[in-house]
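In the two assemblies presented below, chain A is common to both, partnered first by chain B and then by chain C.
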Partner chain A sequence: MRAAIPTLVILVVMILAVSLLGVFGSPLLLRVVIGAMINLVVVIGLSIFIGNSGILSFGHASFAAIGAYSAAWFTLPITMKKIFLPSLPAFVLSTQVGLAGGAAIGAVTAAITAAVIGVVIVRLSGIAASIATLAWLAIVHSVFSNAEALTKGTSSLVGLPIETNLFVATFAAILALVVAFLFRFSRYGLMLQASREDEAAALASGIPVRQLRLVAFVISAAVVAIAGVLKGHFLGILAVGQFYLEFTFLSLAMLVLGGMRSLSGAVVGTFAVAGIAEILRILSSGFEIFGLEVVAMPGLREIGLAIMMLLILLVRPMGITNGRELTLPWKRKTANELPITNDRTG
Partner chain B sequence: MRLVAEQLTVNFGGLLAIADVDIDIGPGEIVGLIGANGAGKSTLVNVLSGFQKTRTGSVKLGDSVLLGLSPDRIARAGVVRTFQSVRLFSGISVRDNIAAAAAVLGSGSESVDTLLELLDLADRPDSDAGSLPYAHQRRLAIARALALKPKFLLLDEPAAGMSPDEIEDLDRTLVELRDRTGMGLLLIEHNINLVMSICERLVVLDGGRVIARGDPDAIKSNTAVKNAYLGTEGGGH
Partner chain C sequence: MMKDLYKTMIVSTALFAAPGMAHATDDTVTVGFPVALSGFVAPYDDGPRKAALLAIDNINAEGGLLGKKIVSVEADTKSDPGEGANAATDVLGKGATMVMVTCDFDFGAPAALVAQAQNKIAFSSCAADPKFGAQGIGNNAYTMATASIAQGALLAEFAYNELGFRKAFVLNDLQVEYNKSLCNSFQERFAELAGAEGIVDVDAYNAGNDTSIAPQITRIKSHDDIDVIMFCGAINGGSYVRQIRAAGIDEPMLAGESMDGSYWLEAVPDLSNFYVATYGSIFGDDPDPEVNAFVTKFKEKYGELPVTAHSMTGYSVIEAWAEAVKRANSFDTDAVRAELDKFSDEPLLVGETSFSPDIHINTGRPMTMLEIENGKHKAIGSFSAEKVSDIKF
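Coming up: the complex of A and B.
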């Protein structure tokens, strides 16, 4: 783990630098930066499971939803709860906690849920596991859309105290980074990464693959849940649709683009996508260049992002970081990276 | 503590892969398992290591039953295998390939360094395992298995694709390891000349059945073996 400390330092500095943009930028930029920090918590959370186990999960938006709503049940002001969600249990109706308490409640609820559903998911491997996570997302989305008494169903739940500021979001991002770092460079992280490379060989090496996958799944669900809580308390409003396919694919795109095998990839990918998306959004509303007026191009952001992803993945299929961790230049290994393939199977 | 398997039978949809196979290895013994391709050698290793389920027969390590346990539990119990197709953790470093297995026991980095030295892999521990030359990959697979401090090591064609010099080195290392740790070795080979020199006992499989067992000299002069196997170009490919 000690050898990887420079990586942690570089990533923390990167997060703080982006955070500073928010401090000195316009109010609009501040909102963009806070949004990017919340996304970063999601992507780091995803990478704890996906990066170490190698199993792509389409289901983590469910944990953001579970975290966001279970926290909101407790953080909504009591008077508002009685109006909007009158059928919550009495002790919930009479309790109000702050954002930290809400985050703890959200993380624990998501972790417990993940521990239950995870038992099923970790029995599967590869694409079957991924499809199971997608099915799980559909279940949660459907339940939340119809549980009128808990979520206001398809309409929005409003009135959440707006407590997610730049400091809170940055703190959460660094906390998520440290959790992910400690897991990745622990012996459990190493064993799980071995199973990512070759599951049969990992089993033959005595590695309890399913158990480790479950541990990673639960930790990553808890981290993603915290992002969901922050998101609710950033916008002040929750809607079930916030935690569905767009959420899923945007966060996965960030992870894949950065390089899903490394923690650095999660950070670089999130900031790259968030930054480019913002530039494209500004351009899409039209601009003037050398006296030429470029008209507004709605949809430029989505199309531009998609094209950029295609191009990057074409050039670097393993993501911007190539699946490696960022480190100090003089610590980069000099060993040859060119694989001599010897695919002798028998 | 002996590794004892009795009456193992595996059936792939009516096709008998192995039938009524008994095998018994003691601590410190080097037993060779030979037979042509398709004779059932790898199936037997798969059963012993928990990768192939079967309902008939028994596998025991001392008094504890291994048959029916998952592969990872069998490995932690001290019966560790390697694969004919090597199966390294290609995208992670040479050192971490060994460290991942050592982590199962909670062993520290000294034991990893010792294994790197022992199997002559210390020159580039930070390279990706998949970038190693072939013979190095085979040695790394053995180092990784040794990180679990096995009581019995099942080596599935460890010398495949190695040059005669490399094979000689490997044989020497294996004997030295056995002498030092007292572990039992099951050496699966289809190249019979290879196992003759270091095995004390041989078991010969043909068509999924044991057709002969005994010391190398007895096997060499065994008629059934000659007919089934030695007659066919010494079994080498």
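Coming up: the complex of A and C.
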């Protein structure tokens, strides 16, 4: 683990640098940076499971939803709860906690749920496990869309205190990074990565693959849940649709683009997508070049982002980081001496 | 590779930091439009935004507001709630004094919450959810919509009193909150008028999942005593109406504002016996000449008719705000809000509009009923609900 410390430092510095943009930028840029930090928590959370186990999960948006709503039940001001969610249990209706308490509740609820559903998922391998996570997402989405008393169903839940600021979001991103780092370079993380490379060999070496996958699944669910809590308290509004396919595919795209196999990939991918998206957003509202007026092109961002992703993946199929960790230039040789085997997942 | 990465970071940092803020000058006042210019909500925002710009043109032509010319700034919410909040931050950063947000609660609320936090008035063009007001967002949030509960009650009274129907079948689309609220309020009011047996049966589908409604159609056909079908559909409504008609069900059908406009009629050629409640007729035959004049002006400016009468709500947002500004003789949010909250049956384009400090949506407003006969719309008059159930948040 000690050899990897420079990676952690580089990534923390990167997060702080982006965070500084928010401090000195316009109010809009501040919002974009906070949004990127929340996405980063999601993507780091995803990478704890996907990066180490090699199993793609389409289901983590469900944990963001579970975290966001279970936190909202407690963080909503009591007067608003009585108007919007009057059928919540009495003890919930009479309790109000702050954002930190909400985040803890959200993370624990999601972790418990993940521990239950995870038992089923980790018994499967490869694409079967991925499809199972997708099925799980559909189940949670349907239940939440119809559980009027808990989520207001297809309507949205408003009134969440807007408490996610730049400091909170940056802190959460660094916390997620540290958790992911400690797991990845622990012996359990390394064992799980071994199973990613060759499941049969890992099992033959006595690695408890299913148990380790479950551990990674639970930790990653808790981290993603915290992102869901932050998202809700950033916008002040929760709708079930916020945590469905778009959420899933955008966060997966960030991870794949950065490089699924490394933690650096999660960070680089998230910031790259956020940066490109913001530049395209500015361009899409029209600009002038050499006296030539380029008209507004709504939708440019979506198309542009897709093309950029395609180009990056053409040039670097393993993601921007090529599946390696960022490290100090003079240490690069030793850190990257480990050969990268043919990858089945990315 | 690592070097390239750092280089890219520095370049993008530089790009980010370049500010491009244009602030309003002293002789102008800015209205912000953080609305959907792209994505699936965009068609719903297009009309209200264009109509609002038309209203701004009219005010500017008459010398502006308190001597200032109104200018508009737009930012695309990309039909995404999170981007909606960013878009609102963007236009407020460009000096917007007031914002008009998306015609839907879920997509408009994040932008309105940003405006609320900066103590700026946020008007939704046509979010029909009463949460879009003091209770859900804050005292600066208003909506120009007629609440869905009022539309449901109006349709029930229209069916019972005007058309003389006694037995209704209710077909609900559970995808959108508006539909649910519309059908529930129809059911409640119709059962009051015709008795509980007046509601023959109820069924539902979800436009998000069900492309075919064959089971629901079978259920409708299993009843032979239906006078009218209350249809609470919205997205892909044309396709569902076609399925019903193609199955040989010719009973009259009722629908709310979500089925306004003629764009979906191509799916059901020569549709007859179909009634729609709407803000006004965009076909030039509204009982209110003001509405017809608006439609003509809209066509002059944009070369086409408004797609639906929802556009009128956008026009009235500017009307209402400008009127409140005039009365307050100030652009100050607190002063303007105080005047808005005093609105009592103000004759706006969308109809008589009232607000109070607690209620920022209208329930008592009349709506124009349209009848579709052989694929042609005909306005049959203006109706309002006598009794509307209490607002539930």
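Here is the rule we use: the second predicted complex is superposed on the first by the 333 of 346 C-alpha atoms of A that agree within 3 Å, B and C clash if a C-alpha of one lies under 4 Å from a C-alpha of the other, contacts with A are read in each partner's own complex, and residues count from 1 in each chain.
As a working rule, contacts are C-beta pairs under 8 Å (C-beta built on N, C-alpha and C of every residue); 3 or more make two chains touch, one makes a residue touch a chain.
Owing to the predicted nature of the structure, the values given are computational and were not obtained by experimental measurement.
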Message = Can you tell me whether chain B or chain C touches more residues on chain A?
response = C
Task = Answer with first, second, both or neither: which of chain B and chain C does A:M191 touch in the superposed model?
result = first
Request  = For A:G101, decide between first (touching chain B), second (touching chain C), both and neither.
outcome  = neither
Query = Thinking of the overlay built on chain A, is A:N322 touched by chain B (first), by chain C (second), by both, or by neither?
reply = second
Ask   = Is A:P161 in contact with chain B, with chain C, with both, or with neither (first, second, both, neither)?
value = neither
Request  = Classify the contacts of A:R261 with the two partner chains as first (chain B alone), second (chain C alone), both, or neither.
outcome  = first
Message = Contact-wise, after the overlay, does A:P208 reach chain B, chain C, both or neither (first, second, both, neither)?
response = first
Inquiry  = Is A:P6 touching anything from chain B or chain C once the two structures are fitted on A? First, second, both or neither.
reply    = neither
Request  = Find the residues of chain A that appear in the contact set with chain B and again in the contact set with chain C.
outcome  = none
Query = Across the complex, what residues on chain A touch chain C?
reply = 14, 17, 21, 24-29, 31-32, 35, 80, 83-84, 153-156, 158-159, 162, 231, 234-237, 239, 241-242, 246, 268, 271-272, 275, 278-279, 281-282, 284-285, 296, 298-299, 301-302, 320, 322, 326, 329, 332
Remark   = In their shared complex, chain B is touched by residues of chain A numbered 187-188, 190-191, 193-194, 196-198, 200-209, 261, 323, 333, 335-342, 344-346
Request  = Write out the stretch or stretches of chain B touching chain A in their complex.
outcome  = 42, 49-51, 70-73, 75-76, 80-92, 96-97, 99-101, 103-106, 124, 126-128, 130-134, 137, 144-145, 147-148, 157, 160-161
Remark   = In the complex, the residues of chain C that touch chain A are 1-3, 5, 8-9, 12-13, 15-17, 19-21, 37-39, 42, 74-76, 78, 80-82, 85-86, 89-90, 92-93, 105-106, 109-110, 113, 117, 129, 131, 135-137, 174-177, 180, 393
